[in-house]
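Per-chain residue numbering starts at 1, and chain names A, B, C and D are given in the order in which the chains are listed.
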Amino acid sequence: MSAVAVRAMFRSHPEKPPHAEIISRCIDSCFSCVETCTACADACLSEREIEHLVACVRLNLDCAAVCNATGNIMSRANKAGHRQLLEALLANCIAFCRACASECARHAERHQHCQVCADACTACAEACNEMLNTMRMPA
Amino acid sequence: MSAVAVRAMFRSHPEKPPHAEIISRCIDSCFSCVETCTACADACLSEREIEHLVACVRLNLDCAAVCNATGNIMSRANKAGHRQLLEALLANCIAFCRACASECARHAERHQHCQVCADACTACAEACNEMLNTMRMPA
Amino acid sequence: MSAVAVRAMFRSHPEKPPHAEIISRCIDSCFSCVETCTACADACLSEREIEHLVACVRLNLDCAAVCNATGNIMSRANKAGHRQLLEALLANCIAFCRACASECARHAERHQHCQVCADACTACAEACNEMLNTMRMPA
Amino acid sequence: MSAVAVRAMFRSHPEKPPHAEIISRCIDSCFSCVETCTACADACLSEREIEHLVACVRLNLDCAAVCNATGNIMSRANKAGHRQLLEALLANCIAFCRACASECARHAERHQHCQVCADACTACAEACNEMLNTMRMPA
């Protein structure tokens, strides 16, 4: 549902931002990753062998923080003159998502929630990368 | 997609939280409302008669902040002993969503983004209310 | 330093919000509590008997989320007509701060970071309560 | 007060993070910048010539989002193996703070709140830069 809403927002934004579909997917993937990472951190806290999952909890919380900021900032249009800021933001978000996906993947066989989280992080990295490539294309 | 991911997280959480479907819908509606309110605030900033939309921008940002906190906190299971905290949190989130929906509705005829945002706020208030009613039911 | 900056902001805000000193202290205590709760959650994750601190980690993260929203919303002036929303927000923040202070206090003898965090939560609850009492005073 | 609390947290963290003083200043400057940027965005919304301040409002909100994520992530210790992530995060935060400081500086003569905010952004960029330089030093 949220994907539908965010697309409708961009279609009705007075600035008529280009690439509305790709921006919408980027924002939606970021907030989906916030949800999944926050929930994975909590699920890890309930596991018995929690001491093996502390690094995963920390990366989950880090990734949620970066994705929250990225989704928030990408929701604001009209960044003319700030392309470099956004490119660095997206690159940073991709790096955190990949690091978190990689840590989660280490526990994915034993913990289904880590598998779900690894998938959400990978999907977010891909959506941010698509956004980044689109921004870098000659207009 | 995010709705699917958050449901899968709750199904694989070691605490086996009851009402996983209702919690998932509540969390997902909160983050959807964060997205929509953030985007509506920005769309308002691009409108010509911005001075009529300042109250809307402020309520959008307030509502996004409360929904972000609510979605984050509801993602953590095992709140035994803290039912009162959660009930007050949900009641507060519902109140902000309704206030923002009501302000957005005033501008909905002229600005489609305000209509989309009013709908997302109303949906979030309903999902939080369903969660609240479920928590208050005798176990 | 942040306390000084936020006071200077309110003194230069065109709305001339009343009670600038009390609002500033409330906002600053909220963000101080965000910092302390976030750091306490992380310190708990590094303790040996982490399984006794899981409830503390969760309340730390909950309290940080609520204080972040409260500090953010209190930073926006001109809430005429929304006094009830703010009162419920502050009351909710106070309740989370007290619950977190109480949980941290249980571990304060063994873990100095829990003592520091309990103090920050108590200070935030007091600053929010002072704000709440000020709002309820007849103008 | 918050600066004192965050220092006390790092002194009592079981990991004994090196450079506790510099980390504390970095975190505290980030949250101070969140407060100031959030308040500056709101003060701009109350100015008469708001249409000249829309870019400032947007950068204020962007900068607050990035500083919130950076302060949050820097509060988690034990990032062995993730130095590159943190360096990119800090570099990104510095870039947003400088962009926001520069935009605020354009309005600083007319609006005292923009001057206060430009100073907070500059201080945050400096504290993050000091952190970055410290991380890059040979151990």
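We take it that contacts are C-beta pairs under 8 Å (C-beta built on N, C-alpha and C of every residue); 3 or more make two chains touch, one makes a residue touch a chain.
No experiment lies behind these values; they were computed from the predicted model shown.
Common neighbours of chain C and chain D, listed by label, are A, B. Contact with chain B and chain D alike is made by A, C.
The interface with the greater number of C-beta contacts, when A-C is set against A-D, is A-D. Rotation angle, chain A onto chain B, C-alpha superposition: 180 degrees, expressed as a multiple of 5. Put simply, the chain farthest from chain A by mean CA position is C.
Where chain B touches chain C, over half of the residue numbers in use are shared by the two copies, so each contributes mostly the same positions.
Computed from the mean C-alpha positions, the centre of chain A lies at a distance of 21 Å from the centre of chain D. Chain A and chain C have Cα centroids lying 28 Å from one another.
In chain C, the residues that touch at least two other chains are 42, 46, 58, 61, 68, 72, 76, 78. Those residues of chain A that touch chain C in the shared complex are 42, 45-46, 50-51, 54, 57-58, 61.
Per the touch definition, chain B reaches chain A in the complex via residues 1-3, 5-6, 8-15, 27-29, 31-32, 34-36, 38-40, 42-43, 46-47, 68, 71-72, 75-78, 111-113, 115-117, 119-120, 123. Per the touch definition, chain B reaches chain C in the complex via residues 55, 58-59, 61-62, 65-66, 68-69, 72-73, 76, 78-79, 82, 84-85, 88-89, 91-92, 95-96, 99.
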